[in-house]
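Two complexes follow with chain A in common, the first pairing it with chain B and the second with chain C.
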Partner chain A sequence: MSPKETFLGFITAERLYAVSIVFGCVTALIVLMIYTYLYQKKRRFFTKQKIAAKLDEWIGEALLDEEGGHTYVTSDLQEELQLHVNRQFAIDQLISTRKNLTGRAATNISRLYEQLDLRDDSLWKFHNKRWDRKAKGIYELYMMNQLDMREEIAAYTNSRNEHIRAEAQTALITFSGFEGLSFLDELAYPLTDWQQLKILEQLKALTPQDIPGIIRWIRSVNEYVVLFALRLAEIYYQLQVHDDVVHCLDHPSDRIRHQAIITLARLANLSTSGILMQHYPAETQANKRTILQQIFKIGGDEELAFLDAELNNPDDLLKLESARAIARNCSNGFDVLAARAQMQPEPYLAIYNHVKYELKR
Partner chain B sequence: MKVLVAEDDSLIQKTVELKLKKEGFEVICCNDGKEALEKIEEHMPDIVLTDMMMPYASGLEIVAKVKSITSKKIPVIVFSTMGQENIVEEAFALGADDYVTKPFSLTELTIRIKRQLKR
Partner chain C sequence: MIYEIALDLLTYGIFAYSSVLLLSYLAIGIFSIGETQKYMRANDITDYRLLVSSPHDPSVSILAPAYNEGATIIENVRSLLSLYYNHLEVIIINDGSKDDSLQKLIDAYDLEKIDFFVRYQIKTKEVRGVYKSRNPVYKKLVVVDKVNGGKADALNVGINISSHDVIMCIDVDCILEQDSLMKMIKPFMDETDMKVIATGGVVRIANSCEIKDGRLIKVNLPRNYFARMQSLEYIRAFLLGRMAWARLNGLLLISGAFGAFSKDIAIKAGGYDHNTVGEDMELVVRMRRYMEEQNVKYKVAYIPDPLCWTEAPESKKILGRQRNRWTRGTIETLKFHKVMFFNPKYGLLGMVSYPYWFFFEMLAPLIEFFGMIAFLLMVCLQVIDWRIFVALLVFTITFGYMYSAFAALMEVVTFNQYRRRTDMMKLLLTALTEPFYFHPFGVWSAIKGYIDLIRKKKSWGEMTRQGFGPAATATAPVKKS
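Up next is the complex of A and B:
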């Protein structure tokens, strides 16, 4: 083959044609696939809209039913609800509405869910082995207030899978309020910060009350449970756990000791500042700061000597926290700081001015 | 009495619409903020119910629009959710007359509408 017919001795005209044809076919295939995908997506969207319009009208009317009796389902709608995708859409719509409505309408939502046998779909998911389906099933059942499922769902609050476990825990609180926290007795897995926040948010909507199991949870071997129990004690002012919280100040976990310091300050009595000062020397820098911040809230003239000594701490943040506590709690706090600033302007003058500006604002 | 409902959740919108129709109101529904802004001018409702978070225009824009109308005093009730207190505060600063926190009861909503209309 002459040099005119080849390029670098490899690309011949035949090879170029073959590659062009393959490339053309692949491109055509990709375009076809994209077109099919978009077409299906559009079709699904319009079908969904059609169903949504029908369902919204029907559900809307059913929700306003004052009698709470059996709602007539048109054959047209019944046919639509034969399809799994439409049934799931109906469940999602009911759940979303339940989040926004209370009163009679909310009760009617659960009634409709049962009447349309949508509960069977949720139960199928709940009994499925796939974790995502099981978690979704639990979610649907508690959102629809299926109280009879409480015991079965409770069995999953200590599940190995964190998503199933979290949904089951949320379900228990939804069903039983503070009593639902009983799952903490058995919990052997982590209770993530996110899940703790979710549970606290759920409890916020309920009337605060004594939490009988809290002492057991503070003594739990599961550090996550201890941490959460300390948070509960802080928020719900559980005075009965004061001594157990003091024990937590010797816990090997920094996070637990940190929370114990905060909780103890919330449950403070006359001895609290003394206990915190006693634990101060052995603490980490971060926890030392937390102790000073809590003394700022609960301290008085009795802590002046301790705080004054802490003004000499090499850590500037600890100096500042001590100065704040002195200025706020001690009767001649500002004089103490002013005297220190005069004696040694660097860094006490800046600290004095900072605290003065902050507290006298 | 004409009530304009601006809510992007279709089922909530439908439920509120049916409830208010049952109570004898004429209801104008809007699926987003832009549509609401247009329909307010077109229909001049007697009261406006608006969600705070909607596509194209927020509830705050709707409150501002309604309160800029000088030819008619139109009360506005805003739908908020827990944790949106600062937005509700902003809505009141713009002139909103009342608010309902989701989840809400339809009966409570109707009472609030009637009270605003009586004023």
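Up next is the complex of A and C:
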């Protein structure tokens, strides 16, 4: 048989109709699924409203219970809370309430969570192999401050899965505050900017403490840990790492050098501007800009010659940053810029006017 | 003999093409399930509120070009200024409007012309002035007045003016969800060994929705047939197509109405190209090409949440112009970057994404159109096997219905914007008409796009909008720059 005959033998009208019927049946099935889903969703909505109303009542009791010994009549929702989706809804509601509470009221919400046996659900998720369930289990456990789970959760701070790892790290900070940062010692995976921000926001709510591991972390082989340590040093003014931060200015990673420049300016001493100017020529354009921005914050008359030379830089952005620093830090800064603008109006007059307007504001 | 060979080539060629296309749709459907599921699961425990007040979030500049948007500009800007984000600057670029847009902005936001050193990192038309508000409440607002140069030129001015790290390019008349910025920025913060160069977001149809003070109050299914059809089309494109391409890291298009870009890479790649009417796609392709040529690992991320709502054309005339322009934009972009076609040097971009767009986006309307002509010829010559023809037609149409129904299901189980069952019924019934009316119309508009391209037509064409609110309904037609 020729290929054409084989083809014609294969693609017959009967076969095409048969496949079309399959497509039609699948379409009908999908439409049915859509309707069933929407119907169930509507039903669930009413059940959820009932649960929410009861939870509100309990939450109200919990908020007023200053002794912490109140027992909730959980039998009222026994039937509804047998369904997994409803239990999940109850957990989500309690977490959402607890997020906005502290002290006794928050503890009472956790007690309600335990009395409703919702902790079992979180534990089931935590022990599940699926990454999303495990991550969610960890999330629920730390949001409900289940301190006894600390050690078990800590084992996952270096998990291969980014979501499990992130939740476990967050849990550790929730349970132990600054001490929870100890996971950085072992971390072999990335610590994304998002996760760093999340941890920093968590720490923001706590009283600042010494960070004993910070020197180790700045010297870590994990670049993400170094970056985070530099951020910690900047925010919590960790003067003891000054020399290590200076070392980071020679790090191969642009991002680490960028953060090191910012951190160093925060920990500035008399030598800082000099160190930054020394590293300036070898830097990327973006990091050069960061150096100029930091000199803007910490510089003085001593940097005038350097900044004046940078006004000749072909990059307009660097010209502008230099002008800003001159205007702000040098005693005759505006005169220097005005003289330059008079000598060469294009582009210095616009730069001069720009800086004048900006600093006036 | 030659006639027979030609006929066979045509028949089997079109058959092979259609088979690969259908298989691609299946692959897209399957990939989108995985990617959407992954996103939904990860998103379940993400608290975006962290970004509202954190001093450590990336700084973002919203770039919104405006041309003759006087009727709605005040409301639109107010809506943008109300977005939840800490380090934000909203740059409105008045692209030489002939109406009173600028004066309205000056009056409403107490603007004053300031001394601003414009760095022309990307070459653009002249900037006439930069305005900022005297009122500290509007300190995030920057208005730029420039000589008219088109949307791409206006966006490039925005890039030049912007002082932040990430640029978010939007259509000024879009309605953004309050948390849209936070969701769009997160992929940049999740970056590890791959540089995130851009994030695309979902655009949904706002026709018939309730909008108040620049905010979406209630989602309704569009009452107008064309808008409703586009709702389904957008669900298919954004929830299935782009999600699947995002999974492969092969996304070539981020909607011009809503996309975030790394400013640094956008500048290095040369900014928007004003020589094409498809500047949104062209920028993404160029940024990707730049990264490939620099041999740097990168990613174009995608967020499936419905975060941006836009008004879709409701008349055949306007819709036709839009599709005409999209076709020209696609052809121009692919032509500019033809060096990547099946070029292994560009990896997945050259070997999969580009060829897919070439064969199944750019050539599809052409092949369909000539297929139709060939069919009519064959009918005249009486060489049609009607049994097979009808069977193939039924096969294709039922496949299309199945695909549309699947898209509707994905919408329902994920973001479920149309919650009423009657709305879903209307949407699915509308889908039944697609192969007989909406789709052929789209093909014809695309063919007109080819013709206009051959005639070297460069304009966007008039894009009349109804506006969202009752006040806006009566406004004069506006022309997109």
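Going forward, the second predicted complex is superposed on the first by the 307 of 361 C-alpha atoms of A that agree within 3 Å, B and C clash if a C-alpha of one lies under 4 Å from a C-alpha of the other, contacts with A are read in each partner's own complex, and residues count from 1 in each chain.
Basically, a residue touches a chain if its C-beta (ideal position, glycine included) is under 8 Å from a C-beta of that chain, and two chains touch if they have at least 3 such contacts.
These numbers were taken from a predicted model, which means no experiment stands behind them.
**Student:** Is A:282 contacted by the first partner chain B, the second partner chain C, both or neither?
**Tutor:** Neither: A:282 stays clear of chain B and chain C.
**Student:** On the A-aligned overlay, A:188 touches which partner chain: chain B = first, chain C = second, or both, or neither?
**Tutor:** neither
**Student:** Touching A:198 in the superposition: chain B (first), chain C (second), both, neither?
**Tutor:** A:198: touches chain C, not chain B.
**Student:** Which chain, chain B or chain C, is in touch with more residues of chain A?
**Tutor:** So, of the two partners, C touches more residues of chain A.
**Student:** Kindly classify A:105 by the partners it touches after superposition: chain B alone (first), chain C alone (second), both, or neither?
**Tutor:** After superposition on chain A, A:105 lies in contact with chain B alone.
**Student:** Tell me the contact category for A:167 with respect to chain B and chain C: first, second, both or neither.
**Tutor:** second
**Student:** Looking at A:96 after the superposition, I want to know if it touches chain B, chain C, both of them or none. Which is it: first, second, both, neither?
**Tutor:** first
**Student:** So, does A:59 touch the first partner chain B, the second partner chain C, both, or neither?
**Tutor:** first
**Student:** Please write out, lowest number first, the residues of chain A touched by both chain B and chain C across the two complexes.
**Tutor:** None.
**Student:** Which residues, counting only chain A, touch chain B once they are in their complex?
**Tutor:** The touching residues are 52, 55-57, 59-61, 63-64, 93, 96-106.
**Student:** Report the residues of chain C in contact with chain A in the complex, numbered from low to high.
**Tutor:** 8, 12, 15, 41-42, 44-45, 47, 50-51, 54, 56-58, 114-121, 186, 188-193, 264, 387-388, 390-392, 394-395, 398-399, 401-402, 405-406, 408-409, 412-413, 416, 419, 421, 424, 428
**Student:** Contact residues on chain A for chain C in the complex?
**Tutor:** The touching residues are 4, 7, 11-14, 16-17, 19-20, 23-24, 26-27, 30-31, 33-35, 37-39, 41, 131-132, 135-136, 139, 163, 167, 190, 192-194, 196-198, 200-201, 231, 286, 316-317, 320, 347, 350-351, 353-354, 356-357.
**Student:** Which part of chain B faces chain A closely enough to touch in the complex?
**Tutor:** Per the stated touch rule, the residues are 9-15, 17-19, 22, 102-108.
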